[in-house]
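Structure below; questions to follow.
By written order: A, B, C, D, E and F. Residues from 1 in each chain.
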């Protein structure tokens, strides 16, 4: 684990994206209309993602436990693709990009889990960091 | 949560794949030579994945807790792409595909976390189910 | 911990109830209309409850880990009172009443947490077992 | 999750109460005399409560992880009612009232779990915030 | 992780021992008299141990999740040494020796943690398997 | 739980040691050559230890949750004995000695778990604090 005792606290923000692609328009309709049998897909997956971000250091050996001071989950639907944005903020000595990626990943997996009874062709596409702020290297994905 | 009290136990097997793509050949060499500063990437990520599979029902609200009776993690390097296969087995009333996908996803995230100090261009590509056995519908990804 | 190695598996079902009482009709309207700032109260609290039921043996020392085979969360609004019913099923050697009570309790706490920014007078009233089936003593709350 | 990056650290204290009501004086005697088969009810439930407070952000999606700097669990017996007080302190940007309520709730559930083999009529009554200090609104329950 | 899908369920029992050695007779007296400031050492450490046994597969990557059907914690005081016995039972396809050792280890660590404010010379000595039953090789420590 | 709200942050460092003793030279060779069937013993046990340190407050009721800012795991082989050193650092109000001892203990248990298929005579010997810095009493084990 990287020794961060000598680092200083700064505001760190990271946004990660995951894409869930469904195979049928009926799946998108069921999400929008709240008719998926397991429940409200966006709200329940958001709850899973908020909890998942906080569990990152329990899953990844080298991640430092962190004061997660904000997590936001947003969804955009574009035809058969659902884009999940997970934004995490902290004021601490190290960044939150892996936390944001883990959150996006858990939201995507939970959508998969809730939707598989009604759609056998769902795929989780790229999980990627869109941007981060704070620390020595700001980063913005050039293709965004 | 789906009521599975009326289902019967059968052998269930699922294999999921995640792809980690690094940006430089030096990264692949560092993994192979064991010179990544955070440690042995494949072994530590395997440990994270084995634990992650077991934590799936703690992260996804609708997943049933399960007797995970086998988890295997395998890696294949193909130029700059590392393919992670996560295979899970149980003898139980419901399948292990989400558990396998979660395991593959945690392995990929841990590789990302261990490698980001030496490679800023790593991407986690598709997390997908390759095949599953048992239950009412066997499934094999047609493009495998 | 009670030794259950000599017990036999039977279907066990338990339903517990928790009551959340809000202080204003505007709070009930905000829940129904989906305008609570933290999100959809019923769906997110259901997600927390489904996860909470599975975490019972991590919190209570004498609880046996169990194959939770069904959890359902239902809400009924009666003026300013919201009744939460949490039903849990297993086929195992011991009952699920504490799991159901824990689930109802977590749903109630999460509703409190989500609603406190808009209502300072929320109370969690009785958490109680409504009924259980299976095992040596069936039980039905006489005042139900 | 509420964004607290702009808030300042202050001392926060919260005390929550849960009431466990047993159905027979023999139950109270068994607790006092240490003859409950599962063990010392007050000490073991205190242990569960101390751990439970720390697990609050793992159970409630919108709770921030926090530096829990003190938790105290106290019991008062009043005829057939046992009052549990759970006090939590932190120096942080947000309050600990939900943590205190969760702690009181877990203590009550654990007492229920330990006592149910000897008393079938136990009830968990109100879980409520008694008082909190720090943050923008101090609060004291008016009926205390 | 060892593949146990082909194994059959049998009763498995394992007992592990840990030794905590304190440096002064006053420490033993404080434990017996219940005057340790942090609380009742044996009861609270038993609670930690019961929970710890159940958390073994969350900590050790290759451990299978298991239906823990009994855990017992016993203490024997012999001058300055406290012997902790942790017995675990399951009816499952694999043994519980590591679970018993983990339980004994957590009890010992918790005693250390509770006693260190009053005794700076505490040591945790051997954590060992005393005996196990079931599976292909019964085992009894020859020096017991 | 000790109230630490009035304490100040200082750098705290603690190193704990656990000794694993194997029964045959072949076991040491298998570790060195990477031929243990469950995988790379040192890397996987390090992963378990890094995660274990962070889980200490989930297992021990009186431990404060902490910003773990560094954990290091080192191994030394001396004939049949393997010495595990676990060093933990934080800048916080209370020490990390129990965290370091828990980390060393989990590494030792995981080595036991990975090695027991090839060596039935493994023992975990003393788990002890070697030294700590910061706080009111620095400490160095006099026999080191």
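Convention: a contact is a pair of C-beta atoms (placed from the backbone, for glycine too) under 8 Å apart; a residue touches a chain by one contact, two chains touch by 3 or more.
The model shown is predicted, which means the values in this text are computed figures rather than measured ones.
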Let me spell it out: compute each chain's centre from its C-alpha atoms, then which one is farthest from chain A's centre? E
If you line up contacts by residue number, which pair in B-E, A-C or C-D shares over half of them with A-B? Let me know. C-D
Max Cα-centre separation from chain C goes to chain F
Please compute the C-alpha centroid of chain A, do the same for chain E, then give the distance between them in whole Å. 39
For chain D versus chain F, what separation do you get between their C-alpha means, in angstrom? 32
Separation of the C-alpha centres, chain D versus chain E, in whole Å, is 27
The positions of chain F in contact with two or more other chains are 1-2, 44, 46-48, 51, 55, 58-59, 61-62, 65-67
Where do chains touch, given as pairs? A-B, A-C, A-D, A-F, B-C, B-E, B-F, C-D, C-E, D-E, D-F, E-F
Within their complex, chain E touches chain F through residues 1-2, 38, 44, 47-48, 51-52, 55, 58-63, 97-98, 101-102, 105-106, 108-110, 112-114, 116-117, 120, 123-128, 137, 139
Of all residues in chain A, which touch chain F in the complex? 1-5, 57-59, 61-62, 64-67, 92-93
Which of the residues in chain E end up touching chain C in this complex? 11, 46-47, 50-51, 54-55, 65-72, 89-91
Which residues, counting only chain C, touch chain A once they are in their complex? 39-40, 43-44, 46-48, 51
